[in-house]
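Here it is, the structure, as structure tokens.
A, B, C, D and E label the chains in the order they appear, each numbered from 1.
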Amino acid sequence: MTAIPLLSLITWSPFVGALLIMFTARHRPLAVRLIAAATTGISTVLSLWIYMAYDREGAGFQFYEKLPLVPALGISYELGADGISLVLVLLTSIIIFSGVFASWTIAVRSQEFYALLLTLVTGVFGVFVALDLFVFFLFYELAVLPMYLLIGIWGSTGEIRPRGIFAWAYRETGVGTKEYAAMKLTLYLLFGSAFILVGIFALYVVSGASSFSFLDLEAATFDRGLQRWVFLAFYIGFGILAGIWPLHTWSPDGHASAPTAVSMLHAGVLMKLGAYGVVRLGMGLLPDGARDLVWLVGTIACINIVYGALSAMAQTDLKYVIAYSSVSHMGIVMLGAATLTEAGLNGSVFQMFAHGIMTGLFFALVGLVYEKAHSRDIGKMGGFGRAMPGIATAFTVGGLSSLGLPATAGFVAELLTFLGSWRSAHPWWLLPAVAGTFLTAVYVLRVAKQIFWGPPSPHFHHLEDARGPEWVALVVLVAVLVVFGMVPALAIATIDTATVGLLARILAP
Amino acid sequence: MTAFALELGVGLLLLVVFFANLAARGEDRRWVGGVAAAGVLVLTGVSLIVSPAPPAFGGMFVQDGLALFAKRLFLAATFIGLLGGLALPGAVFARRAAEYHLLVLGSLLGMLVLASARDLILLFVAFELMSIPLYVLSGFAKREDVAVEAALKFFLVGSVSSAVMAYGLSFVYGAAKTTSLAVVARALPGGDPLLVLGLLTAFTGFGFKIAAFPFHMWVPDTYEAAPTPFVAWLSVAPKAAGFVALFRVYFEGVGSAVALWVPVAALLATLTIVAGNLMALPQQNAKRLLAYSGIAHIGYMLVGFAAASASGTAMVLFYLVAYVFGNMGAFLVVDAVARSEGSENLMAFRGLAQRSPLLALAMLLFLLSLGGIPFVAGFWAKLYVFWAAAAAGLYWLVLLGAILTVVALFYYLLVAKRMYIEPPAVTGRVRLERTLALAVLLCVLGVVILGVYPNPVVMAALRVAAPLF
Amino acid sequence: MGAPGLHAYLVLAALVFAIGLFGVLTRRNAIGILLGIELMLNAVNINLVAFARFNADLVGLVFTLFTIPITVAEVGVGLAIIIAIFRARKTIEADHLNLLRG
Amino acid sequence: MTAEAIGFWLVAAVLLATSLAVVLTPNLFHAVLFLAAALVSTGVVFLLLDAAFLFAVQLLLYAGGVITIMVFAIMLTEQLVGERLRQTSRWVINGAILAAAVFVGVLGFVVRSARPARPPAADRTADLARALVGPFAAPFELLAVLLVAALVGAIYFARTED
Amino acid sequence: MSATDHALHVLALPFAAFVILAVLPWLRRKGRAAGWLSIIAVAVALYRALTVWAGGGRGEATWAWIPADGGPIATVGVLVDELSAAMLVLVTLVSLLVQIYSLSYLDRETPPALGRYYTYQSLFAFSMLGLVLSPSFLQMFIFWELVGLCSYLLIGYWYDRPSAARAAVKAFWITKLGDLGFVVGIVMLWASTGTFEFGALFRMAAERTLPAAGLGLIMVLIYLGAVGKSAQFPLHVWLPDAMEGPTPVSALIHAATMVTAGVFMVTRAMPLFRLVPDVLALIGWVGAFTALLAATMACVEGDIKRVLAYSTVSQLGYMMAAAGAGAADAGFFHLLTHGVFKALLFLAAGAVIHAVGTNDIFRMGGLFRALPQAGVVFIVGTLALTGVPPLAGFFSKEAVLAGVWEGRMTGPFLMLALTAFLTAFYMFRVIFIAFFGRAHAESHPHDAPPLMAGPLWVLAGLTVAIGLRFVVAGAGEHHGPGWLAPLSIGLALAGFLLATAMYQRRLLEPARLAAVFPLNVLDVMARHRYGLDALYAGLYRALILGFSRLIGWIDRYLVDGLVNFGSAWTLRAGDLLRRIQSGRAQDYVYGVAFGVLLLFVWAQWVRR
């Protein structure tokens, strides 16, 4: 325990930034950006600091803070971080820091954009470090809500032309527009949050501890039947955010329509938030429920992997490709968790991190490409590699990581998941997982080839490479991807401190 | 005497307004409204210090916790409503301010008594006193063809409902051989068919007042055409009164026989939530939208009513408080925009966030509260109501309510979309009268404070609801 | 056939009530609708008095004494509204008053 | 068959007939007159129920008050229109079915209820008066406010100068 | 310094070069400077590799890589023994020569492109060295994939060319397909043994403590990796297309080093494969079949690089067949010699292509006169490949044939023998057509510049030198039957004679020969690559793309369709429902009346 509330500082620093932006830096774009960079920079630095300062021998929740809010109901502002949270906090700070730079060129209503973005980030940080389930839920909502406006205002409208017998339904709902995407995403996630809320309250009521503290609830024992139902509620609720099939359809539309930084944050971090919820609340609090239902989690994860990859392949819009690849990769995350093995769980968390970085990178790149070429139509593009070698290189690195090429973080995560699956109760999970990596190789390289290779497309002129602050995002993300891929112990040593304890709890007789 | 201090106060205020009107000269008599509003404010203050008193008039009139809770709500809501309506434009509202306020105060008196009535006759008279001025008020802009049409519809549906209700009450009286609700409650477990018939039939009247499906049909038309600040008040205060009366008649002292009302309330709740939310979807007029959404909210309160428990009752009370601020606030913002733009269409909200960011933020808060999003009052309201219903075993109702909340968020977010996402059609701030701004501000405070710290109100509601069972 | 019992009065009242309701539902003219409402309220009074008589109770009569003036008040307001609407719209055909809908 | 029974059936027949006439006659003016007749029949029913005082109230308030206002209203509107107000009915079958259904519903409850014997009659007009100022003083006062409010409202609508 | 330290240096040098070039764009964009940096690094690495090889030391050093509770899951390190030491030398040597050669070969490239090329080259050298030094399956897999990546990048070096872009992804996908087997295999192996490390696994194998259940499947899966990487039937189709890359790359990656990784892996894991003889037999049969199949395709190919590519596939089949027959040493020996003379052939072909600007042998002719250096070294390489004593290829090829014969695999032996004949035929076909045929007047090619010629001569010298060394050391090292050497030479001679007859002396018209019955079928099939490419393309289109389209449709119109359908219907329902709000007051009264009825009915119902 430290005297300085480090976790609070990390969490609220962006929020302070948001307030500063709204009240002092209105209509001064540069000041807005600098405040955003500075406040997220503070979070990043502190995240790194706590990441290094974490006592791996001691394990458990550290940097603990507690402040009673509503003692009568057992609600308190309780924060703490263990190995899993730390990695995800680090991920969040890296992504948002890069995201701020990746959206450096946003000109329209930039102060509002950054204010909302930073508020959102506070929610994300909060979810990862909150130990009080109630506060957890509040942060969760805070992380979901600004999304509507962020996508609705700064999003982009794709080129979907519905055909076939359902076309009328699509026209009626407005498929493809940013408004549609924003609405779908928000409603879907709020729908999911209802399940989460019900789950949290069920635990609160049944435990009789009249406390929302994770630690207190962890100590309580729940009836097996209840555990199953609540686990299912958490799985559905968080699973929606994690993009589990068939509740994933908000994510391609949402990610495709969102502005760059939001896509980065959403696909990169928020989807992890769903997986984190399943692992932390579902598995952490409901060991019996988790044991009984992992078959479902794992099987759906397998569907996610293959289905997401095949769907990605079928897309013609670059952002949709990346978005569906997230669906596929979140399958790996969920699969790793479902194996209930040390390797698998480590792989799962590591995949959260790795996928967060790589998909953040992808969306940053897609944003850049879109900004330069004003198109997301893969079919029209071609030969961009000559004009934008830097972007092409970064895209290739991201793609290689996503197909699980060694020396990138993606490989380690996938390998661990594979190891875990074959040792789990359902070894056959390995096969769809492996097939998924092949399919990923197919669509990623196909897209890379189409966009960056081949003769230059006649549709585009005056393309240029990334410049200035845009490089920050690319370089940081690529570096993280490669460094953590080559030295996975950097993350796994920390993750392992948390997963071992978690597994011991779940698998205890 | 203290038992009906508030009623006396309102009566006195009626006289003051009446004589002020006599003394007033000239075309602009809005200051009379100011007097009324100030009086209501004072009475609101008084209501906070008044404490429960023993029953008066042979048990006919009770000033218990529930009554006081409700009265504070009515008074506060009335104050906000009057404040919002003080600066209503138009010659009618200037010259006839006294009539307007007399009628509001008369209706308010009806509500106050209704909250305390434990006798069928008193209840019926109070109910009518509450209702009749509302018919007039809704058509107050009598030169406008839609206003009188609204008044007529309101009146016709209201009168039929009153007749049906009175018909029901006659059976209740006949079966219980008394008009004392305490005795009626004790008679209910006997299961006399006439008593059940009477109470079922009487439900119609309450159903009309709270606008439950299918008694709701006057609501959208009336809301659309009536003066908006009045609608803001109409949409919350009589509803709250209706619920309090429902509790008095159907819950208080009936013991285990409350189970009788569970299926009825659950049915109405289901229908109301579904119909309200679905019909709100295609609305383009902001007031109609809020009208239908208000109907859906009544459905959610009926969910709490269907729980037929002390906690359910308390949660409905809390819901009402949250609803007062959220819904009134939303209507008042609509009024502000409509006064400035001359249109109540949702298109008038385009780009509001860029024109008047604070007003847009207020509206957003109200909408979020109505949608049941954390950090604002409505979140707790929905949460608690669902909680109570779940505790009563009505899981399917909770699920249904939760799913339709998503539908509700859809149309609330559409308004948010107009305000935040679409570009403004005209530039420049929305003009906002000071009194209206103050009323909006009060609502914002209510929504936010209750959203951050709902505990005291929840506890109070639980306290006052407990003796009913 | 003996003296009519309570039920006879109740059924009579119910019939009057139903007839009133029928009138409300079918008359096109606003005043006609009002007449229907009057019949419905009249049924209430029959009920109340019959109950009072058979319960050997006073309160039913008191209740009636309240319902009658309230009815009158309602009719008064209703007719005033009808007159106002007539001025504004030149019709009191209820079916024509449908500017507000949807 | 006692005299009371005969009286009841007669009055009931008249009451129902006049009520039907109220809702069926095409002439609005006639409808009002039939309503007056129905109200008077109701008064007679009150007499049969030994409530002579209420018979008086019924005659005075309803027949005297309501009908007068109605007639005025009809005259007023007719004058404005300049033609006689005739009224037709809409959806007669639907209305009949629905009204009948409501009646059957009520009947379903009524037939299942107990049939109390008729207690001996007593004139209780004085008690009535005492009750109004005693236990029922509160609603009585409130009724006054109600009437004032209704009056204010009615005048507001009816006046022409603004 | 121990052997492992030296090996680490060998590994570190190209890696350092790669990192420097990767993170210093300004240096990379200088082109030739980047090249020299890379060349120096690999030259020093060669020196170190020679030290290791000459030292003959063995050793292993590992470090934890993926930690876990109770010991790391995975380690990384270096394993030095004869096998890896020999490979170190081969890899660094060919790398060095190819890199030097490239400097001249790619002189027309822009400096940034050249810098990129050398960055990839350094990465490749590092990866390949990491592969051969792997002490565990996992590390081998890591570098296995990395060399695959380099292959992909270098095939697609001229990424503007659609054919190169296609070939690059094709190579990646096809080898990845094999790698899937590899990774599944090692995952399963880990699950049953708890380790990836060769040392521990071999110990278990020796002590017979290795869980036997499923080992066959595991080894087949691991072998699948080799099938992909070493271009065995049926995954060989990528290698000919890989010739879209620059010729030096073909020489290095697609002839001498990367493609032999599969053979190396099988050799390395031989203690495990020995436990499952059926799998070994499979390897042998597949290898021999691949050798024959590729040779037939080489006979009808007109692209000089593709001929060499098929030849490579064919020779890889030899190596695999040897490994499958249990003569892994022979296979490995052939790997080393083949690495030298095939690199020589490719570089020589590169010199020719550089000079004439085409790959098509039918557009060449009479080049021997114009390009004597290239001609001579090409002939040296050809002689080595066809197994003419005393060149290197003779000894290794004979060792392979002997191994297979002794492995009692008659079928594969016959196929390999036939292949030997075909090898001589197709190689001399190229020589006769390209170097001795009728000269094309329009071109005036000039011989290789020194930077290209140097490596050529070095390799040619080595080819001769290795052979001579065996002549000096005595050819009795292999135990083949006495008739084997004459047979092999005879087959080569027959091939040569046939080629002479057809293409030099014009005694036989190739077209007429191809019209004879069994040959015409073969000719057509070989020209169409036995339909395998078409089959893969078809599978890719129908299975993957078709299925993806189906899933895409399902996702948009069924899974998401349900959502949109639901929401659209909700909106419609709202619109329908609002029609009850007709605006007519009496309809509203209907509502009230209905409500009353509803309550009645409902109350009656629920009470029953």
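By definition in this document, contacts are C-beta pairs under 8 Å (C-beta built on N, C-alpha and C of every residue); 3 or more make two chains touch, one makes a residue touch a chain.
The structure displayed is predicted, hence computed values, not measured ones.
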Inset, instruction - Identify the chains adjacent to both subunit B and subunit E in the sense defined at the top. - result: A, C, D
Inset, instruction - Would you kindly count the fewest steps from subunit A to subunit C, each step being a jump to a chain that touches the current one? - result: 2
Inset, instruction - Please name the chain that ends up farthest from subunit B once chain centres are defined by their CA atoms averaged. - result: E
Inset, instruction - Write down the chain pair with more C-beta contact pairs when A-E is set against D-E. - result: A-E
Inset, instruction - Could you pull out the chain whose C-alpha mean position is farthest off from that of subunit D? - result: E
Inset, instruction - Taking all protein C-alpha atoms shown, work out their mean, then name the chain whose own C-alpha mean is nearest to it. - result: A
Legend entry - Between subunit C and subunit E, centroid-to-centroid distance (C-alpha), Å: 96
Legend entry - subunit A and subunit D: spacing of chain centres that average the CA atoms, whole Å: 71
Legend entry - Where subunit B and subunit C are represented by their mean Cα positions, the distance between them in whole Å: 27
Inset, instruction - Would you mind pulling out the distance in Å between where the CA atoms of subunit C average out and where those of subunit D do? - result: 6
Inset, instruction - Quick one: which residues in subunit D touch 2 or more of the other chains? - result: 90, 94, 98-99, 102, 106, 109-110, 113, 136, 139, 143, 146, 150, 153-154, 156-157
Legend entry - Shared interface positions of subunit B, touching two or more other chains: 121, 124-125, 128, 132, 135-136, 139, 142, 152-153, 156, 160, 164, 171, 196-197, 201, 220-221, 282-283, 410
Inset, instruction - Hunt down the residues of subunit E that sit against at least two other chains at once, touch-wise. - result: 567, 571, 578, 581, 583, 585-586, 589-590, 593-594, 596, 600
Inset, instruction - State which pairs of chains touch, listing all of them. - result: A-B, A-E, B-C, B-D, B-E, C-D, C-E, D-E
Legend entry - Residues of subunit D that touch subunit B when the two form their complex: 106, 109-110, 112-114, 135-139, 142-143, 145-146, 148-150, 152-154, 156-157, 162
Legend entry - Complex contact set, residues of subunit C against subunit B: 10, 17, 20-21, 24, 30, 33-34, 37, 40-41, 43-44, 47-48, 50-51, 54-55, 57, 59-60, 62-63, 66-67, 70, 73-74, 77-78, 80-82, 84-85, 88-89, 94, 97-102
Legend entry - Residues of subunit C that touch subunit D when the two form their complex: 1-12, 14-23, 25-29, 31-32, 34-36, 38-39, 42, 45-46, 49-50, 52-56, 58-59, 61-62, 64-66, 68-77, 79-84, 86-87, 90, 92, 95
Legend entry - Residues of subunit E defined as touching subunit C within the complex: 578-579, 581-586, 589-590, 593
Inset, instruction - Sort out for me which residues of subunit C touch subunit E in the complex. - result: 21, 24-26, 33, 94-95, 97-102
